[in-house]
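There are two complexes below, and they share subunit A, which is joined by subunit B in the first and by subunit C in the second.
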Partner chain A sequence: MAKLRPGLLFAAAGCGAIILIALLGPALFAGPANHVELDQRLLPPSALHWFGTDDVGRDLFVRIVFGARVSLLAALSTIAIGLTGGMLIGGFAGLVGGWVESALMRMIDAILSVPSLIVALALAAALGPNLRNAVLAIGLLSIPVYARVARAEALAIVGRDYVKAARLMGASNLHQIRANLLPNMLPPLLVYATGNVGAALLATASLSFIGLGAQPPTSEWGAMISASRSFLFSHWWYSFFPGAAITVTVSLFTLLGDALRDLLDPRERPR
Partner chain B sequence: MTALALEVAEFTLDVGTRRLRALNDVDLCVGAGEIVGLIGESGSGKSLAALSIAGLLPKATGHTVAGAIRVGGVEGASRRAQVGFIFQEPMSALNPALRIDRQLVDAIRARRDADRATARQHAATLLAQLELPDPERVLRSYPHQLSGGMRQRVVIALALSGTPSLLIADEPTTALDVTVQLDVLRLIRDQARERNLGVLLITHDVNVVAYMAARLYVMYGGWIVEAGPTAQVLAAPRHPYTRALLASRPDRVARGAAIPAIDGFVPPLAAVTTGCRFADRCALVEARCHTPSALTVEGDVHIARCWKAGAGGSDAS
Partner chain C sequence: MGAGRADPLMAAASFLVRRVLATFVVLIAVTILTFVISHVIPGDPAQLIAGPRAGAAEVAQLRHALGLDRPLHEQYATYVVALLHGDLGASIVTGQPVLREILDRLPATIELMGLALLLSVAVAVPLGVIAAAARPSPLDTVLRGLSTVAISTPRFWVAMLLLGLFYGALQWAPPSGRLSPGLTPHELTGLLTLDSLLRGDWRLLRDATAHLVLPVAALAIGNIGTFARIIRAAMIEVLAQDHIRTARAAGISQARILSVYALRNALLPFVTIAGLELAGLLFGSVTVESVFAWPGIGSYLLDAILDLNFPVIMGVTLFVSIGYAVINLLIDLSYRCIDPRLRAPAG
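And now, the complex of A and B:
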């Protein structure tokens, strides 16, 4: 195995810290996310309020810590939906081949040709504006991307002799998927998914910003930026810190995904 | 007489969307407990024949034009249950993500009604019969933790786990260390004898066939061009192709001398030819080699598809 690169260590440590904050933060930093103190409105960052306060006097640092849990969970949920759906469709297509595969993959291509955020927007609006529906919409629309990667992996695996041997022994398609396809498909797909955490987080935050995701009292990063719009020029910290949280998190997860891919996939390793 | 392990009768196969003729009129049989060699160079159709026999050709790829295949007396899709397949590359024949015990137990349970514990016991016995030291440790291992020879023994165990009547071994030793090649071959031979298994041994290594097989088929361009008892075929080849193939064995050529190669290459499937597929590379070619009658089978026990075969044995230089 190649030696651990500093980039990978840095990204892994950063992502680990963010996940820890999301898990433990709300318990560590006292005070509920929606604690309102109307006499503390729109205060700049200080020793008492590290990131300042918003227009109803809520502490922005506390809200961002709480928001880490909401945003990360939302991003991971979309990936779980996309990965599961993509693996089932792509794996099945790769295994059975023939016209079934062609039909499935052309459908996938058709969905891929439409900008997914726009469709997710329409879907979330149709389902009703809340975070769960936004996650569902983004998750469903990310299925095609995973399905294509999964199919490519499945095709490579189906060509191996152990799949032929299993077929010779009368293995069903279900057994092939469970024993031969999934265990060998999962690692590369998980690496690929890690690289997509950033994009998924950005997509959920975008829907929340537009008002189709998390609804106001929820301390979700995109929703927080949305609430700060009228204070953009007068009170910079209100929009800056949630924006910085998104930027840092997305960058770190994207870095981690790239570093993992470089480490595990020699074909794409830069020379 | 017991049922033949394998009977292929006048089997003709087209492949691909362009339906190119890949196998012509293949007649082949393997008796129970008999080891039969099938040799030919890359592209001769030997692996395609093996996949057809095992019923592993994707429906979209192979189209049977004529003929029948019977394994252990069984025809049709259920013949798959009668075939054990030993693949060339033992690493790719084992699932890298699962331990050996899971793979063997699944294979055993796919063929017979057994609970996991019984199947695992059976797997351990099978590995012990294949002379694997410490079967328990092997069962707990992942494929990458085993050596090439051990992996190939596990692949043989997988092939035997379904109690087949025919074992197809496709270049079973090509990917192995020279030191373990002989062990694996001996193991296959012993198992065939003990279990009364027919073995179809596919290889391009004449020495392997000479060591293992009682009878031998030579394939070229989708045709079986020569067949007969191994000793006879190797001592007095009747088809010009077989003669050229045997002459090009590096171990039969004096040190420092040039190895006689066969000029030209195997004709692609798309090449339209009538008559003998070897005609373009044959030293003895004549006009009538390009007529369909050039493919008539000559001989009885030791046969060859060459009109010169009758006299061929004597005028070979």
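And now, the complex of A and C:
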């Protein structure tokens, strides 16, 4: 840690800024996200409207600022679902071992061999098109990924002496999970999850673009791009800025994930 | 190495059996997933299959006809038996069998995804090798940054930007679809570029290629980023190994070390990961095909989602999942043939 890591610093500052925008932006920048002004329709970027306006005269900059909260919250929610489910299943498998573990892991492996986003698409369609269902579908189908990592962590923890000692002294599985497994599994899993924020955001934005996620007039970035499709050839800024917001945000979170992993794993191994 | 002649064969056979069994388990998992999604989750699957405009009596009749009033395990058995007969149900919109409609649209998607895959590998391999060889340097940092942005960009957005710029503003590219109006494809493989090449129809080849450029680029960009990162990481690992140092000490040129000694080893892990990346490519093709009105499986799925055409949604999901599992099985098996070390494991 003697050396300052510019990459980590840059990524952390960038992600911090976006989180701040998501938290405070709507309060700081004037005007509600759905403020319609029909005489201000489809204006190009200007000093007044930095990113221009959309087809009903809403300011795109304001909508993108509001969208930061929606998009980021959706992405983080998918991760919360995947992480929680994965920790429970993976942690349990690692703790009990034996045939229960092999059966669980076989199942996990089988689901991992399925193109999860396509299945998430079908699941979201079956649940009904709204952002909550899209988040649920993506989150549920990401559980196996986290379960694998969680099991590996759990196995390492279960092998430690104090855990063995606790087991010898008759600690129940439930107690072991609460006292020993969860607190020790969480930090490495959180680092792993940070690396997935970008992918989660891309997935939720894609589902919204398709029409399965956020519905208009919600100012979610993917849904905004979807709404801009009919204006692609005439009003470039309408599709450009929401997509740029996604790209910048996902890039920063990907960088942060990479930098955190490099920090914990000194062997250089991006991927 | 020192092992007997039968051992590698036995090892290969047991690997084959285990891998095929694992794929079988995956296929069962896929059918259970699609069954649960289509039969258990919706409040009333019959209503979904009948479509939003169907009346109550019609729905009740359909529920009985489809056996949706029977116990779930019986329904699952019926579902699997139908699948084994290649019956994925019928489209609500056209009334045609879903499997036939999928197969009709398959060549368009294979052509698009295949070329996108080729393009990504052709661009990403040199980039990854250069980045690994140049490390640490500003060049490596720049390439790393570019690949990060590439994997972070939504494919559907790239597709729209490309279409808006090269068709809308510059008029350099044709609008959308696979061919200009008035041209008829040759019925061979369904891959328009290949067919026109085989028939020597240069006008058709030029037109089909022009239509492919933008969607292929939009689809490939994310994979270029991912692949370049994988190749770079694998190359760094290989370049640190002893046999590379020995080759260097023997005075072999850097170019030869990179392109022959190191790259061959780095490509092996890449092949497996590239197979898994097909999932991302598949998902990307759903949105990219929709932006370019590309008549493939992706836009078929998307139209089905918008129409709530459930038999099609579930049929495509199942078809794509099975295809994905089988392709990854084939990759794993061929992997053993590509890598001589796996063919004859040390005894």
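Simple rule for what comes next: the second predicted complex is superposed on the first by the 262 of 271 C-alpha atoms of A that agree within 3 Å, B and C clash if a C-alpha of one lies under 4 Å from a C-alpha of the other, contacts with A are read in each partner's own complex, and residues count from 1 in each chain.
Here, a contact is a pair of C-beta atoms (placed from the backbone, for glycine too) under 8 Å apart; a residue touches a chain by one contact, two chains touch by 3 or more.
A quick note: this is a predicted structure, and the numbers were derived from the prediction, not measured.
With subunit A as the common reference, subunit B sits beside subunit C without any clash.
In the superposition on chain A, contact of A:202 is made with subunit C only, not with subunit B. Residue contacts after overlaying the shared chain place A:162 against subunit B, while subunit C stays out of touching range. Once chain A of one complex is fitted onto chain A of the other, the partner contacts of A:183 are limited to subunit B, with no touch recorded for subunit C. Once the two complexes are laid over each other on the shared chain, residue contacts for A:175 go to subunit B alone; subunit C is not touched. Within the superposed three-chain model, A:263 lies out of touch with both subunit B and subunit C [touch as defined at top]. In the superposition on chain A, the chain among subunit B and subunit C reaching more residues of subunit A is C. Contacts of A:210 after superposition on the shared chain: subunit C is touched, whereas subunit B is not.
Once you line the two complexes up on chain A, you'll see the smallest CA to CA distance from subunit B to subunit C is 16 Å. Subunit A has no residue lying at the interface with subunit B in one structure and with subunit C in the other.
Remark: subunit C residues 22-23, 25-26, 28-30, 33-34, 37-38, 41-42, 48, 144, 148-149, 151-154, 156-157, 160-161, 163-164, 167-169, 229-230, 232-233, 236-237, 278-280, 282-283, 286-287, 290-291, 301-302, 305-306, 308, 310, 313-314, 316-317, 320-321, 324-325, 328 touch subunit A in the complex. Chain contact summary for the complex, subunit A toward subunit B: residues 97-98, 160-162, 164-171, 175, 179-180, 183-184. Contact residues of subunit A toward subunit C in the complex are 106-107, 109-111, 113-119, 121-123, 125-127, 198, 202, 205-206, 209-212, 222, 225, 229, 232-233, 236, 239-240, 243, 246-247, 250-251, 254-255, 258, 268-271. Contact residues on subunit B toward subunit A in their complex (touch as defined above): 54-56, 58-60, 80-81, 83-85, 87-89, 92-98, 102-103, 106-107, 110-111, 155, 158-159, 161-162.
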